[in-house]
Structures are given as structure tokens and as C-alpha cells.
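A single structure is presented below for examination.
Should a chain be cited, it is by its letter among A, B, C and D, assigned in written order, with residues numbered from 1 in that chain.
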Amino acid sequence: MKTIGIMTSGGDAPGMNAAIRAVTRRAMFYGFKVCGINYGYAGLVAGDIFEMGRSDVGDIINRGGTMLYSARYPEFAQVSGQLRGIEQLKKFGVDALVVIGGDGSYHGALRLTEHGYNAIGLPGTIDNDIPYTDFTIGFDTAVNTVVELIDKIRDTAASHERTFVIEVMGRGAGDIALWAGTAGGADEIIVPEHEYNVQQIAQNIQNLRARGKKHTIVVLAEGVMHADEFMQQLKQYGDFDARSTVLGHVQRGGAPTARDRVLASKMGAYAVDLLKEGRGGIAVGMEQNKLTYHKISDLFTEKHQPDLELYDINKTLAK
Amino acid sequence: MKTIGIMTSGGDAPGMNAAIRAVTRRAMFYGFKVCGINYGYAGLVAGDIFEMGRSDVGDIINRGGTMLYSARYPEFAQVSGQLRGIEQLKKFGVDALVVIGGDGSYHGALRLTEHGYNAIGLPGTIDNDIPYTDFTIGFDTAVNTVVELIDKIRDTAASHERTFVIEVMGRGAGDIALWAGTAGGADEIIVPEHEYNVQQIAQNIQNLRARGKKHTIVVLAEGVMHADEFMQQLKQYGDFDARSTVLGHVQRGGAPTARDRVLASKMGAYAVDLLKEGRGGIAVGMEQNKLTYHKISDLFTEKHQPDLELYDINKTLAK
Amino acid sequence: MKTIGIMTSGGDAPGMNAAIRAVTRRAMFYGFKVCGINYGYAGLVAGDIFEMGRSDVGDIINRGGTMLYSARYPEFAQVSGQLRGIEQLKKFGVDALVVIGGDGSYHGALRLTEHGYNAIGLPGTIDNDIPYTDFTIGFDTAVNTVVELIDKIRDTAASHERTFVIEVMGRGAGDIALWAGTAGGADEIIVPEHEYNVQQIAQNIQNLRARGKKHTIVVLAEGVMHADEFMQQLKQYGDFDARSTVLGHVQRGGAPTARDRVLASKMGAYAVDLLKEGRGGIAVGMEQNKLTYHKISDLFTEKHQPDLELYDINKTLAK
Amino acid sequence: MKTIGIMTSGGDAPGMNAAIRAVTRRAMFYGFKVCGINYGYAGLVAGDIFEMGRSDVGDIINRGGTMLYSARYPEFAQVSGQLRGIEQLKKFGVDALVVIGGDGSYHGALRLTEHGYNAIGLPGTIDNDIPYTDFTIGFDTAVNTVVELIDKIRDTAASHERTFVIEVMGRGAGDIALWAGTAGGADEIIVPEHEYNVQQIAQNIQNLRARGKKHTIVVLAEGVMHADEFMQQLKQYGDFDARSTVLGHVQRGGAPTARDRVLASKMGAYAVDLLKEGRGGIAVGMEQNKLTYHKISDLFTEKHQPDLELYDINKTLAK
């Protein structure tokens, strides 16, 4: 192997740049050349590929987003696109590939490997919804962003004795809601992975208010329902001043936290080491604080499980 | 005068606590007693009044929201409520009053003064929509919060080459949009005080994209239209990947900026000085970096004007 | 067991309040009473003990420092003080104790348990220098604070093409330096646990500058040497514009990160569960993402090891 | 005039990039060409000059430091250097110049104008020590950075009932200390522009502690004395637990606040307008919220005055 390619795919996540830097610098440390591929699989097929140097990844460890841009490109599911991508890589002399992204990224990486072209996936998504890794790159930053915003909302909620329903990202996974809800001192956390009873929640809020609590905060994962709809349901069962707010796209951005930068650095370096050993078709993870890897095909049969212990703990702390 | 009362009214704003601290400490410096009134005019009428000491306002200068809580209370427009409020104040020996808040607060303060009870208003609102003051308490914090969020969104907008329509607070006033838009490097700022042409904006965005700009950001004051509606209109005229996001209630919270804390400290101290001189029915302002005051009645006939020079400057910088 | 006592001891750390909240709320969830003890072991001996309710720990999850204050109190090494402390606890009906703090806290907790009084220690220190836990409460916040400050210094370092020696906390342990250095993109990390060669570092900095790097950043653990001394040594071997800065006490403060709040919440709840089971003389840890506990006596014979893998990875990424 | 040059000089300040962007974009809006000059007067003499386009200043409005680098270059006081600089500018076809920086920048700009070459100065320094402007670019950011750090230190000060002496930047000017001290709720502010009495301060601190205040904070401008020396003096007169900390270089960095970005945008645009009108040898200011300009020679005979009203107000609020 002489040259490693790197790209980001799917939704962007804070820490992707730190991972790009780590792959690039580690590869150059070993004497490899590095090529960046813009716009994920779309850019791969289009040949939007360029050689990267050390200084190209200077001063990006602290930047949100991805300097290699990203795009969704479902067309890569077709074999013709995959072969065209490999052609482009060969044209640029790229021998192996690191893809940072979510679910879609892994499918592409697996297909490339099946065609005899080694590709490794790194989990880059704020949603934390990838199996065989305790944490994904970007999750810690998103959670901290949400917690800071909950802290701000708590100011105004307390001043007006209001109930706030705060919708956070996480289409299929309640991880952001669970972590940010616990850290934000939420009174209720609603996630797709756990049942809930609106009437009971409304009753609980009224009890808390009756006991003198100045504000109540409900953190809702977007995968469950829209915040406004949930608030309307709540109000059917309880008579209190409630507002809903959707935190939205700000959750994807911002300078990555220390944790995400370290995670990205470790995973990026590790991916290069694994490619150097001739491996492909695998996904890197961080399990129990140890770097691991698994066959990508195994990821498709495994389901990510959020830390529901947090749900139970928070229940006892919010009371 | 022996005792000064203080309360907050209307929507909460960062820096209200710094103003409460300043009023309290300044009054005690002169040897006055200080009474806090909870929940604005509602608490005034209900007699939710308590004596405050130095330590009650310790460690609050950096807190968002208001330790005296706030509430809207339109009932105070009735004379009976006003008289009942004065009765309560007399019962607690409160001789004069400082009210921190927006438009509604001023009406109440004027009524009290007309009944022979001196009350002074401080401009506490994130919207900056109060005449005879260049800046209101809370505005600088809200603008900085919005700018930080725009910075985050720019990360993700650039990564995906997207157009973002970002709705910020300001029902009747475009100040937050103008300041945060300029500081956030927005490509377009839409405010109630300035006409706009959706077709032209869509064209401009397409031109910017054609020229290679990776992201375009439109900052929209809530008083104009809902972000989603605006985005739909935009898309009728242009073919680009656009998203809308409403920043929402987070704009009201957070630790106040240095500027808001200093403004609140100066205004709070000044209000006490003015009450000490026997004045009432006036509103404190900061005009051209100088503390000023005006008759509250003059505020009702004057309209706040945002700094539209910013609009013109930004037009030339965004191109 | 009917009543649980809680106190903080030694240097304060962000997340201590979140732990106090978790212990209090979890205990009340089980129907126990909770007593707070001010000023650590000093307050224990002096009987500065008071009953805590749910609202006493409201709105503290996001506050740095410790609402129970802290103090160093070496006198607690004497048996007389220990017995006096137990007397006080009995006087207030406190049956068991949770102590949050560092090394000194554990010694006290062990002594109390040896006298037949169950006490459990939680690792609360920014230094991360406690065995049998991967992370201590406060470490993640301190690392993030340092990284944000390194990001700021990088701005000015790049503008002036300077070398900065940044001294971070960690008397005996290099954890903060290792994590913050890696996350901050430091060119060199100097810790007590790894040898270094000043001449080689100076040479490396000159090489980086010769290659066009605009700034070089050295992160130095305080346990190694004072930043200014290190800079003087560096300058003996290299001719470049260098500055030193000591980040100082700001590293202890600030709102805790999401990670620290969740860690503190989990550990606090777990400590109550363990006391409920009748255990004492143990220390709670988080190892490989799992809650664990060990005999306090075992902690004294084990030495904490920082993650030196980070040292090696950073070497290859900084080049 | 066809081409405008732009450079930064002296110590860097947050907002310099926003000013560079504003000058560049405004000039291009009028159809001018723009040249950037790296490393201030040193780069000018060396001919380190390059044409800038719109995208060169994209995504820099939110960055601290200066993309054009800066350097101190006292050699520019010599006529030979000045003439060499003008030669370089002519070689690159640059007709007029904007210099962003402090005192030294103005001297150079005046010299160039005296040689018949129009140059305009913008006040870019965190110290706020420039006459004929109420605020300099970078000051608001530095003050907010200091206030955030004071907030962090207050956490730990309160937890341990300590007195902290916090040294902030400002060699000749107490502006940062005055603003950050007032906004940070400091008990004492020590600046070069106001006398102080150490014994009285020590007595005041002891009084505050006797009254139950948990922490006392002294904010000290670096121009007065080193923090450690001040603390030693304090301790001669009072018996209390005190620590000193020097905030240092972090005060220069970080993303600029909204206020600094707006100030820089307005001043940058205005400087281009003034050059377009054929003016030179002048300095731009913001006085009483209005853009102004003065002859540079007038700045040298005028002394900047900090807002000592803040000193007096804080005295009454800290008590």
C-alpha cells in the first residue's frame, strides 16, 4: 500500500475533521501518500480527488463540519457506481480507503471491499446509533451542545414557572435525549426505546409544580413525535403553562469537545494501522475504552442499544 | 424615602439579575431598605413582597433569567389593581419602585406614579424595541447567543453546501436579526423595518452558489414570517438545497455578557439615584454611552428605530 | 439505615454538585433522610451538619464548585478527630456517609469505616489521579476548559508565529496534559510519566517552523516543571519567539460537561445503593464504562496510570 | 484609486479578521482591487503582498487572531524603511492603505501619509487604550473572556472561601480591569488610573468575610503590579486564604463577540469610504455610537481615559 484515501459521508458531525487529520498525519508518519475525496461517494464516483499534505489538515482539529464536505448519494448502491468509484481511485493511485460517516457509509465501504478494494469505516454521526461502538464521533459534542441549550432554557423556564418540551435530534436512537436529559436535569425523558404514558407524565408535572418546583423540563427524542404535538397531548391532561422548542440543526455544529477530538484521533490512527495490516471491510469501534473492529457485515445484523440504565437513574433523580 | 421596591415584569432577559443586584446594593449603600416583589405586577397586587439583604443578590450577576420571577399581568391596566398594588407597597413600607421589563412594565410604572407613587422603569428585554435607549438589558446577550448558533449552523451548512433560513426573535423589531446577521456574516437579513423581494433573494443565493460559495445564510426576524414559510417561498424561485430552523427560546437564556452586566449595573445604580432625588414616572436609557432618562409618557409616542445602517453595510459585505 | 450524610473534601471539582444532587435524590427516592455536611472533615468534626431537601439540590447540576464547600483538614488523621466526627454524625442521626473528593477523602472514609461507621468514597478531582476508575468527576470538564483555552492561544500564536509553553494542572498526574494536549493539537506534550529531552524538543520545534508551521504549542503538566523554566531551557537550544503561560485556577471551575454530570449522577446513585446494601470502606469507580467498587485499602497500594497510548498517538499526529 | 492594501500590525486582537473582511468586501463592492500585506510593516517593507479575492475572506468573521499575521517592527520609524515600503506598494499597484492595530500602527500610517501615500488607521487592540474612540476592536471580546474566567474562578473561590487576586491585561490602561471587574462582580478593582491603599483593601476583605461573604475577588490590571506581589502585600495586612492567578495570553484569542464583529465591520467599511474620498493620515473611531475620524497627529497629543465612573459604581455595588 502506498496511498490512502479519506472521505466523509452522510450527515456531518463534529470531530470529522479531527479524524481526517488523524488519518492523514498517521499515514504520512508511515510514509504513505494521502488523497482527500470531496463530497463522499458522490465525489468518489465523480473523481473529486486531490492529494493532501500535512498543512492541509493544520488547524482543523477544532473545527466543526467536514473540510471534505459530505453528501448523501444513494446511487452508490448500484454496482456500476461502485466500479466507477474504484476506477477513479485507481486513476489517482489510491490503494485503500477510510470512510467516516454513518450507516450509509458502511454499506459503501463493504461493497468496495467485496470488489477487492480495502475500505474501513469510522463511526461519524451525532446520533450514536451504530452498533459495536460505545460512542460515535460527534455524539459527545452534540450532547454538550444540547445540555448548554437546556441550561439556557432552564433560566427562562424558572423565571416564568413554565414547562418546556425540548425536542432533540435522534431519529431512530434516543441516545442524545438520554444523555442530555440526564445531564440537563430533565424531569422526563422520552425516547423511542422506552414506553411512556402521556397522562402519567402530565400528572407527574402537576405533582412537581404542586410541590413548588419552579420549572419542569421534558426532553423528547425527535424519533418519538414532534415537540409541539407532544405538548398538545400533555395539555389535554394537565393545566399548566407549557412551551415547546425544537433545537434543530445547531446540534450538528460547533467545535468538537475534547472527548470527540481524542476519540477521532485514536480511531483515525487505528484505521490507518489496520489498512497497513491489509484489512478491509471492517468498522472501527471504541468499546469499554478499547479500540476494536468488527466486520461491517456484522454491523448490519446487530442493533445499537442506548444506555437505558440512564433512563432508570434519571427517573429516581428527577423526582 | 426609606425603602425601595424592585421587581421584574414581562419576558425575562439576561442581565435582569445584574440590575436587581445593582438596585439592591446601591440602595443599601445609601442606607435604604430594599424589598423584592415576586412575579411582577401580579405579585405586587398579591403582596408577594419580602425584604432583601446583600447576600440575597450575591452570585446572581452571572445568572440568566430573573430571581424575582416574572409574569404577564394585563389586569394591572385596571385602576382597582393599581390601587391594590399601592396598598400592598404601603403595607410593606415600600416608598418607591424600580420595574425592570418591557413595554408593559412602563405602563404600570406610569400608572403608579400618576397615583402619586414614584416608579421608575429600566429597559429589560432581549428585543431592544424600547425608545430612548440605544440598548436594552439582555439584547447584547441574545445577539451573542444567536451569533454562536449561526456559527454552529455554518459548520454544517458549509459541509453540505446548503442554504439555511434562520429565524431569530424580534416580533416587532429587527434589531436581533440586524446585529446577529451582520456579526454572523449572513448573506441576507430580513427584518420588518425593511422591504425585501423573495425572488431577488433567491436569485442572489443562486448567484453566490454559482460563484462557488459553499453555504448561504438568511437571518429572518420572527416578526416577518415563519422560517419555514419563507423557505418555501424561496424555493419557488430557486433550485437549491435549503433548510429552515427556528432558534426559539434559547435566545432568552444564558449568562449575561459583560456588556449587559455593565449596562444593568449602571442603570440599576442610576435608578436608585433618581428615586433618591424624588423622581418618578421616568424611564432610564443609555444613549450615546450616557445614562439618560425620559418621561415614560414620551416613550409611548416615540417609536424605536433599529440601526438600519447595519442593513446597508451588510449588503455590501455579503456580496 | 435511615439517614445518609454527604460531604465534599479536598480541592473542588466540577460535577461535585451533580454528585451531591444524585446522592440526595436517590436517597430520598428510597425514603431515606439526607444530611449535608459543610467543609468536609473540618465541618464533620465541628458538627456543621444540616438536613437537606429535594429543592436544596435543585438547579445545582449545572454549577461548578461545591455547594457543601470544601476544606483540607489533615487533622482528621488523628483518632480523636475521627471519633469526634462519628459522635457528631450520631448526634444528627446520620447512619452512613458518602464522601466526594480525592486521596485525602478516601483516607478519612476508610478510618470511619474501621471505627464501624460505613463510608463510601466517590472520586471527585480534576486530576484523574485515582486508581480503579478510568475517569474522575471533574476531569472531563477540566480537559475541555484547557482545550478551549489552547484554542484561544492558538489564534494568537498563529498570528505571531510563536511557540507557546502552556502549563496545565496535574501535580502528580499527566492526564490533563495528555488529553488536552492531544485534543488541542499540541506539538509536544510533557508529563511526569514520560521522559523527555529538551534539546530534541527544541530541534523538533525548529524543524516544524522551518517546514512552515505557523505556531508550535507545548503542553506541560505542572508536575514536571514551571512553564517559564521550561521555556528558558528550550531557548537555550533554539532560536525562536517563545512565550509561556500558566492556565491556573480557571481549570477547576465552570459548569460541568455533560459527561461529568452523567458520571456524577451514576456514581452518586450507585453509592446510595451500596450503602443500602450495608457496604462501607469502598470507593466507587467507572471502569470500561461500568460502575465498579473496590476496597479503599486497595486504592492505597495501586497506582493510577494515565493513558500513555495518547502520548504515542500524538507523537505521530503532531509531526 | 484602484487598489486598496490592508494589513494588521502590533498585538493581534479578536475582530481583526472581521475588519479585514469588511475592508476587502467593501472595496470590491466599489470595484477596487484589494491586496493583503502579511506581517504588518515588516511584510510591507519585504514586499509580502498578494491580491485578495472574496473567498479569501470567507468564513473568517468568526475567527480570532489575524489571517494577515502581525509583527512588531520598530525599524519602520526610519525614513529609509518607509520609502522602501511605498516602493513595494507601488510595485504591486496599491494606491492606499488600511492599517489595523494599536499605537505603533498609527505612527507608520502617519509617516506614509506624510510621504504622500494615503493610509488610514483602525483601532485594533484588546487594551482599549486609543484616544478618540470609545471602543477598540477586540476589547469587548477580551472583557467577555475575562468575565467568563472570573465566573469559573468564583466557583472555586466560593467552595474554599478564598480571596483571589486576578491579574488581567492592560499595561497602561485599566479598561479591561474596570469592565471585567464590574461585570464579574469583583470586590475590588485596581487600575493604574486610580489610587489605592493596600491596607484598606485588606481591611475591606476582612470585613466582607466577617460578614459571611464566601469569596472575595480582586481584579488587578497588569500595569499596576504583578498579581503575586499584590497578594503578598495584601497578606501583610490581613489573615486570610488568598491565591493569585494571571490570566495571560488567553485574553487575546477566541472568536470575536457580536459587538466586536459589528464594530470591525462598520469601521472597515468606513475606512474604505474615507480612502475613496481621498483622505489619509486619519484614524477611525466609534464615539457615542457614531463613526468618526480624527487626524492621526491629534491622537498623539490626546490621552485615552478609561470609564472611571465604573470604578465608583462598582465600589457601591461590591459592598
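What we mean here is this: contacts are C-beta pairs under 8 Å (C-beta built on N, C-alpha and C of every residue); 3 or more make two chains touch, one makes a residue touch a chain.
Per UniProt, the chains are A, B, C, D = ATP-dependent 6-phosphofructokinase.
Because the structure is predicted, anything quoted here is derived from the model rather than measured.
Asker: How would you label the chain C and chain D contact, same or different, if same means the shared numbers make up over half of all numbers there?
Answerer: same
Asker: If you average the CA atoms of chain C and of chain D, how far apart do the two points sit, in angstrom?
Answerer: Each chain reduced to its C-alpha mean, chain C and chain D end up 35 Å apart.
Asker: Compute the distance, rounded to whole Å, between the mean C-alpha positions of chain B and chain D.
Answerer: Computed from C-alpha means, the inter-chain centre distance equals 28 Å.
Asker: Compute the distance, rounded to whole Å, between the mean C-alpha positions of chain B and chain C.
Answerer: Spacing between the chain centres: roughly 39 Å.
Asker: Which positions in chain C are in touch with at least two other chains?
Answerer: Where chain C meets two or more other chains at a single residue, that happens at 151, 154, 158, 214.
Asker: For this structure, give each pair of chains that are touching.
Answerer: Inter-chain contacts occur between A-B, A-C, B-D, C-D.
Asker: Mind pulling up the chain B residues that touch chain A in the complex?
Answerer: 8, 12, 14, 63-66, 69-71, 145, 149, 151-156, 158-161, 164, 214, 243, 245-250, 252-254
Asker: Give the list of chain B residues in touch with chain D in this complex.
Answerer: Interface residues on the chain B side: 21-22, 25-26, 28-29, 54-55, 58-59, 61-62, 134, 140, 143-144, 146-148, 151, 154, 158, 179-180, 182-185, 211-214, 255, 257-259, 261-262, 265-266, 269, 288-290, 309-310, 313-314, 316-319.
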